[in-house]
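I have a structure here, written as structure tokens, and I will follow up with some questions on it.
In this document, chain identifiers A, B, C and D correspond to the written order of the chains, with residue numbering beginning at 1 in each.
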Amino acid sequence: MKAYSREFLEQLYRTLYTIRVFETECIKLYRQGLIIGYFHPYLGEEAVATGACAALREDDYIVSTHRGHGHCIARGGQLNKMVAEVLGRETGYCKGRGGSMHIADIATGNIGANGIVGGGLPIGVGVAMGVHVRGSDQVTIIFFSDGACNNGVFAESLNLAAIWNLPVVFMLENNQYAVSSPVEEMSRVPDLYKRGEGYGVEAHQVDGNDVLAVYEKTCEAVDTCRLGKGPVLLEAKTYRHSGHHVNDPGTYMPKERLEYYRARDPIKIARNNLIEHARCTDQDIEAIEQHINQQMEKAIEFGKNSAQPSVEAFLEEIETN
Amino acid sequence: MSTETVNTDIKMRELMVREALNEALCEELARDERVFIMGEGIAQRGGSYKVTVGLLDKFGPKRIIDTPISEASFTGMCVGAAITGMRPVVEILFIDFTSLIIDQIVNQAAKYRFMSGGKGRVPMVLRTQGGSGNGLAAQHSQSLEAWYYHTPGLKVVMPSTSYDAKGLLKSAIRDEDPVVFIEHKLLYMDKGPVPDTDYTIELGAGDIKRPGNDITLVAWSGMVKRTLAAAEELSAQGIDAEVIDPRSLVPLDKEMILSSVRKTEHLIIIQEAIRRGGVASDIASIVQEEAFDYLDAPIKILAGKNTPIPFNVNLEKACVPRQEDIMRAVKEILNT
Amino acid sequence: MSTETVNTDIKMRELMVREALNEALCEELARDERVFIMGEGIAQRGGSYKVTVGLLDKFGPKRIIDTPISEASFTGMCVGAAITGMRPVVEILFIDFTSLIIDQIVNQAAKYRFMSGGKGRVPMVLRTQGGSGNGLAAQHSQSLEAWYYHTPGLKVVMPSTSYDAKGLLKSAIRDEDPVVFIEHKLLYMDKGPVPDTDYTIELGAGDIKRPGNDITLVAWSGMVKRTLAAAEELSAQGIDAEVIDPRSLVPLDKEMILSSVRKTEHLIIIQEAIRRGGVASDIASIVQEEAFDYLDAPIKILAGKNTPIPFNVNLEKACVPRQEDIMRAVKEILNT
Amino acid sequence: MKAYSREFLEQLYRTLYTIRVFETECIKLYRQGLIIGYFHPYLGEEAVATGACAALREDDYIVSTHRGHGHCIARGGQLNKMVAEVLGRETGYCKGRGGSMHIADIATGNIGANGIVGGGLPIGVGVAMGVHVRGSDQVTIIFFSDGACNNGVFAESLNLAAIWNLPVVFMLENNQYAVSSPVEEMSRVPDLYKRGEGYGVEAHQVDGNDVLAVYEKTCEAVDTCRLGKGPVLLEAKTYRHSGHHVNDPGTYMPKERLEYYRARDPIKIARNNLIEHARCTDQDIEAIEQHINQQMEKAIEFGKNSAQPSVEAFLEEIETN
């Protein structure tokens, strides 16, 4: 392993753990009926967003998905506004108008989640096109999963980014399912990064449960993009720890497979890094976790205490539409 | 149900809309081996709204087909299969996602018969689901029937009850031309009587869901239930509303609406979609043209608010006509 | 042009619509470096209808971009670029092909501002071209403005003259929200006066193309010219028609139409699109509701025939309202 | 070269030459103003349709494109009905309603041309799906060109055909342009068959100007499909002899490139085959050509003498829409 500062490894751990806690606590809120609609947890996939976003500069961009909480947090999103949004409150990122599937955080360059699978792909390429026209060197990471690779816009977007050498990292979170459909049944070549070659796009596979592996590969890809030699396609193999959304028991996920990936829990791996390479103690880590737990509690408090959007104000707002 | 003569020997069961749809699919799959079904998660998982539960076991993976997230192409596939003698039924989980397939539906399915000089037919059904009401926000809550209504060559069906759902879906599958069949997410669990016989409902036959004399209320899909509830409550207040459910928007049972308006002289059309460019406007334009002299007051349209559907449940509810909005509008138009 | 105060010092040139559009693009590209243009064959070849001729030479390949046949994605790209501070103009050669991008327009561009709680804006223009009239048959001749008219969050603009085309396109590019700008294939070579100054036309301001007192005729895009011709001929026969061109359908200059109808008490709406579910129906529904007591006769709609557009030129012509149809309808409604 | 019967080689030549004559004569009609709308000649590409369709059985299917006259003729379409259709007459394939871009000939299994670039791809896969559901062994050839490969439905359709092993030959007529856009600028990998691999689809390139090369490769692909091991992607490299449509001068086509391909004219190559391998004389060939010229003259006669569709009948027809 390369040498990383304790500070950096702690920072990664903080992000991973924050995502874990956010999802875990929100699932509780969902089961209490306080969150409604679709809620797609990122549990088990935390290392992808965390490693990828750690490779970015502050003025870079990301484009997220329906499973977007992890991306938002990894990019520096605020728990208060996130919780408030999934609770549908006026203080949320989208004033309660968007909900889980539409959180966007323009301040951190997070163009937003998307309810259309694959919808973010062309949008992200367009963000990069804007960069290109302006002559800047910002990089855009587009997150998407295996299912989105079968929406035609994946191939189109890959090709468009390629012919214009756009600074895009296509970050394929291959969690091996589109809802209940296993990637092996939806493509003859489940190693989806292999689609890159036909379009002349540099492509690699990486262990999506190992935050440092993701970080390192993304750094390389970002460098390539920054030099005007993009795009790069990265496939991070990972697995969900639960069903597609909160109400999906995920019975189609074979037990052994799930166990295998649970054993390779990204949080555990990152925790080990801290202990083995940064001389952190269990107590050090507990302190970090404690702090995050408290932040999340406060965020929930904030969300719950926030006002519902005013129906009257809303109706007035849309009068002029 | 009032327009069909139902044999009294027939056993009626109380079925949920999703069960009635499942029966329709099941019966047509059994009756005609050219019928097959494609969609995301419809086979193994039985569909997000459980409409296709059990079909895989009964009819096997050749006819009940789980697809990748390639909406445009698997819909296009149904066009090709239909042209060559099959009777595909494709499911697009949300009508919002039909924006990905509208080329296949409008430029291919709807026009092929015409473009081929009448030699080719495209007997396929697009089953999809629309409407708001579950906190699913702007990209999973639209009411987009107007897009398909505006397309020559398509039929558009929107059932509101279990009975209608089954009878209309069977007719849609048997139809020689492409049919867009739009279900409503809030209706799947609604129960209603369904006979245990092989019945169909003609596409283009509206249904008077409640006869009345004072005012005509036209509503379809998710709006029928609350319009009927409003009519019941108004009846207690001495206002006798007639509630018409066209059931299929194309073909439209214009005559049923016109003769009702000639009788009641007042018309309110209630739709979930936004008003601008909606089907309600079109019905209003027809009625004002063909029953001008019968109208005692301007035709009123109650429609969805002009906005994408918000996530927050209170805002979401405020976007769509409610029972009390309907009652208020009736009283306003009747000056009572 | 009647609604704008035009300085009399200004030189007017006779420009074709396509030249006026070209000037608008040119000026906005020069004025604002955030503006860039994407589309198929728009750079090297200058566009199928020559609207973008010369722009590549002036502004270079970074801003005038030829794309592969990937409509959905290069339109989606414009959404992303617009969100992050650019002002893209995307060309889709035929409105028929916008069926491939309607997801990007309706689910992304139109909703982003709303879904982001008002923080994000999508200042992009979709330039496209519709209508029939060149023997291009069913997949290259549609009039689909109703789809976009029915979508909250979009503006819809349809110019009928060189002057309007330029002023409206400039406004569209400067607008903070997505605008669907629909040109008509038969108008590109039409000439009309265009001042040599930097003018814009407000989106939502209709134009009285011909004042009159006996009847109101509302028409847009390709229908304006033949409506004006009909009005001229009717005037020789003693009928004084007012011709209103809304120019932008969203926002719609409702007040201009209503006050005309209050004056003339008769309304015919002429549209090229098929009648069912078209914009004309919606305008009719508004007018019957808001000017009910002024109407002396039912509002009449002249619209395209309910069919895909046929290739044969005679059939094609029969599908769309003609000057004589308009004249006949006027006489019918006025009982003359 | 394999040994082919004189009869077979003559048959191929007949088809090639018929396409050549049809296009050439129709361009004249177009310039006379008798044909209107878009007319996309297949000049220079004749060997692709001819070789491919020769590999099919009578009950097989093809799906065509906007540049579809060659496919229609190669599949056994009737000149009379074709000419009548492009002239917009009631006796045409589509009763004058379709025109050049929408000719379909259901009797010969030609599902039809298409005005939407790429539109035929999913349709063709669906034809094959119908075959699969019925348990038949018919094969479908889908024709499309380089431009269509950048429409997302290409990738989607390839993948769908692959996961269900459908009997589809994707026949990519790479004529190296989409209107004026050169394939090298629209993709980093102009050898477009290479896109097959990422989807696990067998793919080959073939000389699209050599009818026998196309025929042989298609035979192999058809066999593969018939055995239930489809799909196969074939890229036939070729070049147009003129612009995109009749009114496009094609000035963007480099002279040398055009000359190179004109020298490799598919008709010439097939003519040489006849002379070298089937002992045909110039006179024999002239007789064949003469016969076809006459057929085409008759077809034009037929078309010109055919009635325009009746407007009244049409209006009545659509009354019930």
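One rule holds for everything that comes next: a residue touches a chain if its C-beta (ideal position, glycine included) is under 8 Å from a C-beta of that chain, and two chains touch if they have at least 3 such contacts.
Keep in mind it's a predicted model, so treat the numbers as computed, not measured.
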Review point. From chain B, what is the lowest number of touch steps before chain D is reached?
Key: 1
Review point. Per the centroid of Cα atoms for each chain, what is the distance between chain B and chain C, given in Å?
Key: 31
Practice item. Could you please state the distance in Å, as a whole number, between where the Cα atoms of chain A are centred and where those of chain C are centred? Key: 41
Check your understanding: Measuring from the mean C-alpha position of chain A to the mean C-alpha position of chain D, what distance in angstrom results?
Key -> 46
Point to revise | Inter-chain centre distance, chain C versus chain D - centres from mean C-alpha coordinates, in Å | key: 37
Review point. Could you say which residues in chain D touch two or more other chains, in rising order?
Key: 94, 96-98, 102, 114-116, 150-153, 156, 159, 163, 185-187, 321
Check your understanding: In chain C, what residues contact two or more other chains?
Key -> 68, 70, 72-73, 96-97, 100, 103, 107, 114-115, 137-139, 152-153, 306-307, 310
Review point. Draw the chains as dots and join the ones that touch; what shape do you get: line, ring, star, complete or other?
Key: complete
Review point. Can you list the residues on chain D that touch chain B in the complex?
Key: 61, 63, 92-98, 102, 104, 106, 111-112, 114-116, 119, 121-134, 152-153, 156-157, 159-160, 163-164, 321
Study note, to complete from the structure: The chain B residues in contact with chain C across the complex are 96-97, 99-100, 102-103, 106-107, 110-111, 114-115, 137-139, 144, 146-147, 149-150, 152-153, 250, 273-282, 284-286, 288-290, 292, 297-301, 306-308, 310
Point to revise | Interfacial residue positions of chain B with respect to chain D in the complex | key: 36, 62-63, 65, 67-68, 70, 72-86, 88, 103-104, 107-108, 112, 114-120, 152-153
Study note, to complete from the structure: Residue positions on chain B within touch of chain A in the complex are 40-41, 44-45, 66, 68-73, 96-97, 100, 134-140, 305-307, 310-315, 318
Check your understanding: Taking the complex as given, what residues does chain A use to touch chain D?
Key -> 150-156, 159, 162-163, 185-189, 194-201
